[in-house]
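Mind having a look at this structure? Questions to follow.
When the chains are written out, they are named A, B, C and D in that same order, and each has its own residue count from 1.
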């Protein structure tokens, strides 16, 4: 970020030199700090509950389908890459390339949410619910057979749905805001090489959401 | 707003009741059949646990001998506090209006009186505290919405009662952990609780074949099938076995 | 809607051509949003006070029918006698309303919004629309919280700290919907708070007027800035905890359910990890505001400006590592208790710096006792008591005895009422002219101050004695205990004082409303202060400055030798002042 | 002196009160210093015509002094308090040979389990709790539980002998509080927390719940009887005999 660009995206008002970051971007960084605390609370609780629990935790891959989620993770990482591409495109002044890559990002995010909804439906059908295991379901039989630990399934359900649910909510918000920018700004060609604040700011958010997912995928699905 | 709602509900209830009474003249009840019977207990009744009311002098003072938890009341082989009710057999479309007088339950000497009682769906419940010490009344409905209220002193609380059939709906007091009561919530008036002599009577039944169930808090349930004609009185006894 | 349309026509007549709705309802002007927050939080202050009066009635006259209590439904107070379940709702909602919706909104809702752009010379917040969203989500949160008192089983009833599992399980608390609405409201409140905080932080960092360097900012802005950082980082933790609690209540999750492996203390750790920074959110802005008021009233530069700034930062930093002092007897590892004790005791150091520096500011001053100054000095006097009583609870062995007694009730009220609320009253009077263009009545302001000071001490000081005698908190009727029976006269005395205290506040509210319409027209700079806001007309116009002000010095240059007046505005250019370096304006 | 600290009736009550008084003296001095200072300043430096305030931005030596004094005081206070804290609450603070009592808190009752003649508390399981027949969930399969005595809302302790309580909670958080013993400890569901004290003065005291536990919180009171060792032994033997009599009849 050059000085000239930072100035270009500042409010039209002379001011004491602050952080040389324009307001929207600074605001997004600050917002992300609060998001770190929010996810930190959820993830921290998960760690405390899981490692403080008396019994074993369900083995990875028994309840959750790792393959499909791994694909989903790949999809989200790809959408982060396409976001970078979109950002680079408008920085170099190619609005048509921006439109293409932004659309790719939106599609990637939307697919991620779709697959997650599909996953939830599938899990609930098998008896995995926020309160643990539904009575009389397929998973309840596995618990009875001893292939799943009865003592911690309640916590497993609680933490899994809370963390992934709120992540999914964040992805949905990201997709909707990108869609909004796509329709109102990118399509009419309002972004230029001098002014692309919206893309940069939403890109920051998108990379953050992606990063959170990589952490969640690791600690919830793989460990 | 809620007060208005309650008034409206009571008003509507009265109107429905008036209509119902008008449609079923008093004579109709005399055609009704009656099922009576006695509930016996075979075997040695378990001793009722003693209650240490030492910390509640106001309650303890009401007893001359050491208070006990009257879970099993059996005299001469007859079992009291058994809830007997028509489980099935009533016409599916029959509607029975709830009486306008509420069921009264009293907390006296840190015990519930009555301990086992029936209440109709929609019938009011009047809860009395005669002890002057704090009681809380926790109704642990599974099908009905549970409630948990308190009475810090001598007072009467009116509750709207229950909305669906439930046998049995337990009541408890958490301040005095020994206090228990059980309500049988029924959509019809054909239920009774056995008295000290173990007898019950279900009156005013329309002719038909009924499954009658008897419930006791310690000994579980017994069922019997009875067919009655109009105006007939039939006996159906139950026997519980103490293990 | 016709009135709105009519109003919008008249608005068109002025040069400010925003419609009535845009100007006063869905306004993006930080000053209007501040005023909206002011009305909202004063309303909740009244509600909270009203609930407190009912608590005091039950404690002062246990089991007696409350005057007017028969208006309450049977489920709360049959025949006007408060029921135990209603009593614990009162306790819970009094705390919730006062902490979240009265004091916190009054400080970070009203004064952060109103003062930050005015005092740093910005034309508005960095994100005016986000600012508006912050107000309306706080409004929704308050509405939900208020509504929760009118649902069938009544409001939440697990104390404002909402300890699980009592808060999580309806069969144990006796309330379902009320508890859930509490969680929903707090989540909305968290959203509002984060939106507000990110706005304040961005604005302070990037939108300061030319020459308004970091160390020329008034202490009120420093305090609000640090508070915003605390709020930004602490409130999301509360929101996360409230979400977990809501899921526990609605979806049957097991976070706090030991039977399924959950941990009861998890809630306390999350809550107090938020809760302790929250305590400083509630006091730091009051400290900042009091600094402004005292410097102005003393006609002297603030004593030790830099150490005041560092003390604010120090308190804020320490605030993150002391949350365990709420949990000394909770079953937490006692070794952790030792470390939390040390960090807690250390907070006394920056607090002492602040108190002594305020006294240093007054030393050899030329004290003008206008109403804001009275409240500023009252703040110092009362905050001192609150701060000192905190030391008792910081020392773990003593805390074991006085924890969860009326001693802590006395402590929190000395900090939040004696501290924060006194500063807030002062702030309301002080910036009233900039808000409404009129002055509040001086005489009645003084009457209000002295009556409040008297009845406030009569109400809360004896609570220390209650606590020392072992009077537990949140008891519906302490006379159950033989050792508390002799305290009944003291409880009755406290209750009567509390009623008088509440009555004295009516003076303030009447003065407030009366002055808004009938008060004396305010001049530009009624308090002869140096701040940038006093260069604007009263009330300050939309957009604040036509051309941005240039700042040449700090805000506390009072009684500068050689000057004819005893104040020197920040914008006044002396021949020796150099123009500041700045980021140039960018064309529209 | 109902408005002051309650009577001291445990070994560490005196030390805690000393800590309290020490803090009271420290804070009292500060309090007087600040409040008197404020009053003097308010009177002495009130605005008068023709006066002008002294122009100063502060004084580093003064600030160093009033930073250093509280810092040193607080550190000393912390060190002194911590010694007492470790003695009362530390992990290994429970004296050897302390008499064991189980405390089970539930909405809104206290249940006390005394070990009986064998001196051992039986195992308890939350799942075995039955409100009328087994309120604390004693496991009948554990031989140590056979002679245990379970009493509602009455805590009997010997004086002159340390007592260790095993606190458990059935439903919500409760808090064990006997003001005269200066002892308080939360009982938390899912945790078993030890707390000890040694009563010194025989007499009747009250135990209260000091953590909001629901609508009956205020009524969650139990009596505490501190007996001399001889009286306590008599009481325990008496209860044990009574329990045995009930068991065989």
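Keep this in mind: a residue touches a chain if its C-beta (ideal position, glycine included) is under 8 Å from a C-beta of that chain, and two chains touch if they have at least 3 such contacts.
All values reported here derive from a predicted model rather than from experimental measurement.
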Partner chains shared by chain C and chain D (touch criterion as defined above): B
Innermost chain, where centres are averages of C-alpha coordinates: C
Pair joined by more contacting C-beta pairs (A-C or B-C): A-C
Centre distance in Å when chain A and chain B are each reduced to the mean of their C-alpha atoms: 56
Rounded Å distance, chain A centre to chain C centre (Cα mean): 34
Cα-centroid distance, chain B relative to chain C, in whole angstrom: 53
Computed distance of Cα centres, chain D from chain B, in Å: 45
Chain D, residues touching no fewer than two other chains: 107, 214-216, 218-219, 221
Chain B: positions in contact with at least two other chains: 134, 136, 148-150
Which chain pairs touch, all of them: A-C, B-C, B-D, C-D
Chain C contact footprint on chain B (complex, rising order): 1-3, 134, 136, 138, 140, 146-153, 155, 157-158
Complex contacts: residues of chain C adjacent to chain A: 122-123, 126-127, 130, 194, 197-199, 201-202, 205-213, 232-237, 239-241, 243-244, 247, 251-255, 257, 260-263, 266, 269-270, 273, 548, 580-588
In the complex, chain B residues that touch chain D: 49, 52, 54-55, 69, 71, 133-134, 136, 148-150, 172, 174-178, 180
In the complex with chain D, residue positions of chain C that touch it: 83-85, 88, 91, 157-159, 163, 165-166, 169, 172-174, 258-259, 262-265, 298-305, 307, 329-331, 333-335, 337-338, 341-342, 345-346, 348-349, 352-353, 355-357, 359-360, 362-369, 377, 380-381, 384-385, 388-389, 391-392, 395-398, 400-405, 462, 465-466, 468-470, 472-478, 480-483, 486-487, 490, 558-561, 566
Touch list for chain D against partner chain B, complex: 106-109, 131-133, 135, 151-154, 214-216, 218-219, 221-223
